[in-house]
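Chain lettering (A, B and C) follows the sequence in which the chains are written, and residue indices restart at 1 in each chain.
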Amino acid sequence: MTLRTVLLNEWRLLAADRALRVVLGVFAVLFVYALANGMAWARFQERTVEAARTGNAERVAALEQELADIAAGGRPSSPFRDPRAPNVLGGARGARTAVLEPGPLTALAVGQSDLLPYYYDVSIYTNEASFQQNGEVENPLNLMVGRFDLAFVTIYLLPLLVLALSYNVLSEEREQGTLALTLSQPVSARDVVLAKLAFRAVLVVGLAAAVSLLGILATGGFGSLGRVLLWCGTVTVYALFWFALAAWVNGLRRSSAWNATVLVGAWLVLVVVLPAAVNIAAGLLHPLPSRVEMITAQREASNDAVNRRSELLARYLEDHPEMAGGVVAEEPGLGALAWAATDAVNTRLEEVTAVHDARRADQLALVRRYRFLSPALLAQEVLVDAAGTGDARFARFQSQVRAFADEWRQFFVPAILASERMDAGVLPDVPVFAFVDERPADVARRAVVPLLVLGGLVVLVSAGAAARLGRVRGAD
Amino acid sequence: MSEVLTMDAPSASDAAAPVPVLEARGLSKRYGDTEAVTGLDLRVGPSEIYCLLGPNGAGKTTTIHLFLGFLEPTAGSVHVMGLDVAAAPLESKRRLAYIPEQVMLYRNLSGLENLEYFAALGGTGSLAPERLTDILVGAGLPRDAVGQRVSEYSKGMRQKVGIAIAIAKEAGALLLDEPTSGLDPQASNEFSELLERLRDRGVAVLMATHDLFRAKESGTRVGIMRHGRLVNEMSTDEIGHADLERIYLEHMHE
Amino acid sequence: MIKHIARKEFTDVVRDGRFRWCAALVGALLLVSLGHGWVQARQAQEELAAAQATARDHWESQGEKNPHSAAHYGIYAFKPRLALSFVDEGVDPYTGTSVWLEAHRQNEFLMRPAQDATAAQRVGALTAAQVLQNLVPLLIILLTFGVLAGEREQGTLRQLLATGIGRRELAVGKALGVAGALMLLLVPAAVVGAAALVVGSTGPAASPLARGTVLAGVYLAYFAAFVGLGLAVSAWARSARTALVVLVGVWVVNGLVAPRAAVDLSKWIHPTPSAVEFAHTLEQEMAAGVEGIERPDRAAFSEGLLAEYGVERAEDLPVNEVGLYLQESEEFGNRIFDRNYGALWDTFERQGLVHEALAVAAPLLAVRTLSMGLAGTDVEQHRHFATAAETYRRDMMRQMNLDLAENSRTGELYLAGPELWADVPPLQYDAPTLGWVLGNRLLSLLVLGAWLAGAVLLAAKRVRLAEVA
């Protein structure tokens, strides 16, 4: 009863308040702008993925054609690029493009997809250095600032909308004098504030959810209902956190100006300062060596390898009998020697990368531990993950590409070592990359802890707010 | 006009075992070192208009806020129709209507919308707009002002919306805090007439006021408060205007 | 008179617990981010310098080789960190740090530090520049929103003006008081910054102190504009609450909405090709040439050369035909690279202009542009280094090809020695001058100036029109 009465009254108040209507209108425009940006980016990525696939198909077709021509008595286009040589067929000329489809909800959260590569040309030469390649062509300035997508609007601006709507739910009633009449009715301040906030929550979450669903519908992302639910749920819980905080501050019975100052301060600390502090701490406690040493290592290893090819080959064959298959020619061919050198460089690169990755893992562990300090970091993690543009999905892609590169080498290297030639007949047996996407359940499992913590924060702050508001009896 | 004044009179059985509508027992309220109300005993029965007189800071408003449960007593208790306010704050407020000194309303809503809101909060259920309009007009608001935004209202018009809110609640008790301060004489007179009609319906009224004249005119009993204590209590039938003024001033100069 | 008001305002602000907390927070963040930036920049510069020295060492100790093999071996160039980059790391984490300079190809810069960071780290990066651009204005807002609106609400404004003081004096006094309080925060930061600059400027010298001074001036102008804006809104608003809400709104647009809105807007107006498209176009043009840039034809080139020297066979030429042809195709490639990379970087710069132009709605965009420019960490100075590295590559390739051409005959086996490698000068990068930077940034200077002037005028007007009660 109280709830419905207050909701109706709030609706009337909102309808009569021009400033509030303007704020809501501005936010609706921002939401739509963000969605349009995300959708444009999703379309761009889809086109790029298509182009990468087409390019790959054309390359393979050309190879096939040349192999057929040679089989019919033709000559290879260049003696160094003879497609019958396994290090050419499995090398750059025959490389296969491994593609990561854009995340199902890319239109909602660009996430890391503007920075990290989402396709690799995989050949026998794919090594750790290959994973250092750049992602999409992008203005560094734009990368630095980040995109205006729904995730940004949700993480940064939505809390401000929530606070603008609710920083004075109780203080304003007191300041304009209506609280006395209200509380002389058989209602508690807690119920009134709850009803007023419920009205605003429906408005804000409704707006966010409606725009999100619009984007999902428009980009056909409904294929993964689990992700959609996770997205909407996270937005809701995150918004509720800010409502609860506003309720709590209102329960302190200070003036509207005081509430506004404190809430803006809380926003600043939780959304800007704490995430920055976590990162600064991570950088200071676990400084990351730059990747440049990878270049030095690669150079030194290859200088070294060139001089010790035969020795390296012998060692390689000892270490990898499965590659040799017992058919090594008595006189190792040039291809085999070159491969041994390549492998030595790769091994060295893996060592350097392993050291680097271990340091990086320490840094990430610290960041992950302290992300619980900031609801913004938690929400951002889950939102980007739900969209399929987070670090986890890219890491999964990279590890599958790594595995695929291994498989690819397994296919070609024995032939290199045996100095064999290949023909069009092997093409149907060549390994094929198919990305095994994460299941919504995997995403949900990763989201459990951050969401539980976020939910716990909501419960905690709400309880505090309820206790504070429960003590509000009179109008002053 | 009269059909809108339908506040329930206490039933006949109440008269047999006379439970006062409003009752304070040994009521005290202390803020830090200052005693706002001390050992107050007060009973207001049906059809009584009890006027609390006293200078600023005597504890009149505090007493009313204690009845409303806005404040928690330091000692003693307040009861509305036998209900302990501390134990059943919402139940007791359901039986009370209250008009603050300054009736402040939602400025962006009309008088009708304000009444509709507060009446619904009061638990009377939703009333039809025509009926609410009748109540507003009955309380003295011009009919053409009913749909206007409150931001265009004068203080007196806001006060009338406050009265309408109290009437619509159909409560057995009415708490008034300086209801006529700042009203012009005509509005004050209309207000007094309204009070008498309510009293005729059996409503118990507790009114804090500075206005000796109106207390004598409308009140059935007066209580004089000073420094948080009830220093005198008398029936208005027993005394004249001049007596009341003399007694009041005597107490003030003690 | 002004002195008294300023002193009262200063005392008032400094005694306010809220100011102390906020100033302590912002000051701590400023100092920590300066220190962190400095440590990081120094470490990065040391690594880069070491890597550059190693790269040179690799180049010089190649042993005997054909110059073209050496050209294929190439050398890596590492982008140095400039002295002021610890204040504003700008786009540095998002541009690669190293580029391979090899025969036939202009390569992209690789190894972006940001690629090693998580999404969370991307959200929460905080440099001294961001503290100055985002948080100090917020502090100014907290200091100014109440100066007039609050006095009016409390009724003290009436009293104040009744003493016969002029409104302009009142406004100037209040502004000076707020500025004084801010200086408590900014002066130590500036001293620390200057000290760090003097102690530890490891990067290439590019008049760091002059750049630093201009940088300080830019930030002061920005803060002054915010003080003016705060005063104007405080004079205009009915209540302190309204003033606060309006100013926080301005701050959100300035620091959050406009910068990101500019990103997507710049991409709509000046789209860039996808990496696949870019690589595909480059590959096609390299293979077949493009209108006006013909791929040199080996046979025709040979014939021309034979005709020029009046000989019948390539073996009879006084030069090695291969070296000359390699140089010819190198020059063809250079024109194709200039065309494609040039167009791409031009697009980036045009996108940058969109950011700069939007500064009319958000002064932060002008300040950010100037700050990155002066710190040497903007896109233009990345391009400046990239161009220097590419010029170096081309000179090096020419030297290799001409050595091959001059010191051997066509078809001969020729090996050059360490003298040739040592003869190639090391990569010497001169960062652009202050004049170059400011010349590129006239638009931002202009817009920032306009904001400052506009804010002062607005404050003067609003204070003149302000209602007393």
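We take it that a contact is a pair of C-beta atoms (placed from the backbone, for glycine too) under 8 Å apart; a residue touches a chain by one contact, two chains touch by 3 or more.
None of the values given here were measured: they were computed from a predicted structure.
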{"item": "Leader among chain pairs (count of C-beta contacts)", "value": "A-C"}
{"item": "Central chain (distance from its CA mean to the mean of all protein CA atoms)", "value": "A"}
{"item": "Inter-centroid spacing, chain C versus chain A (mean Cα positions, whole Å)", "value": "26"}
{"item": "Inter-centroid spacing, chain B versus chain A (mean Cα positions, whole Å)", "value": "63"}
{"item": "Whole-Å gap between the CA centroids of chain B and chain C", "value": "71"}
{"item": "For the chain C and chain A complex, residues of the former touching the latter", "value": "18, 22, 25, 29, 32-33, 36, 39-40, 43-44, 47-48, 51, 54-55, 58, 76, 78, 90-91, 93-98, 108-116, 118-126, 130, 134-135, 138, 142, 146, 239-241, 244-245, 248, 252, 256-257, 259-264, 266-268, 272-278, 280, 344, 347-348, 351-352, 355, 378-379, 382"}
{"item": "Chain A - residues contacting chain C, complex", "value": "30, 33, 37, 40, 44, 47-48, 51-52, 55, 111-112, 115-116, 119, 132-148, 152, 155-157, 160, 164, 168, 256-257, 260-261, 264-265, 268-269, 272-280, 282-284, 287-296, 299-300, 303, 360, 364, 367, 371, 376-377, 380-381, 384, 390-391"}
{"item": "Complex contact set, residues of chain B against chain A", "value": "65, 68-72, 89-91, 93-94, 96-98, 100, 102-109, 113, 117-118, 120-123, 149, 162, 165, 169, 175"}
{"item": "Chain A residues touching chain B - in the complex, by the definition given at the top", "value": "1-2, 5-6, 8-9, 12-13, 16-17, 176-178, 180-188, 473-475"}
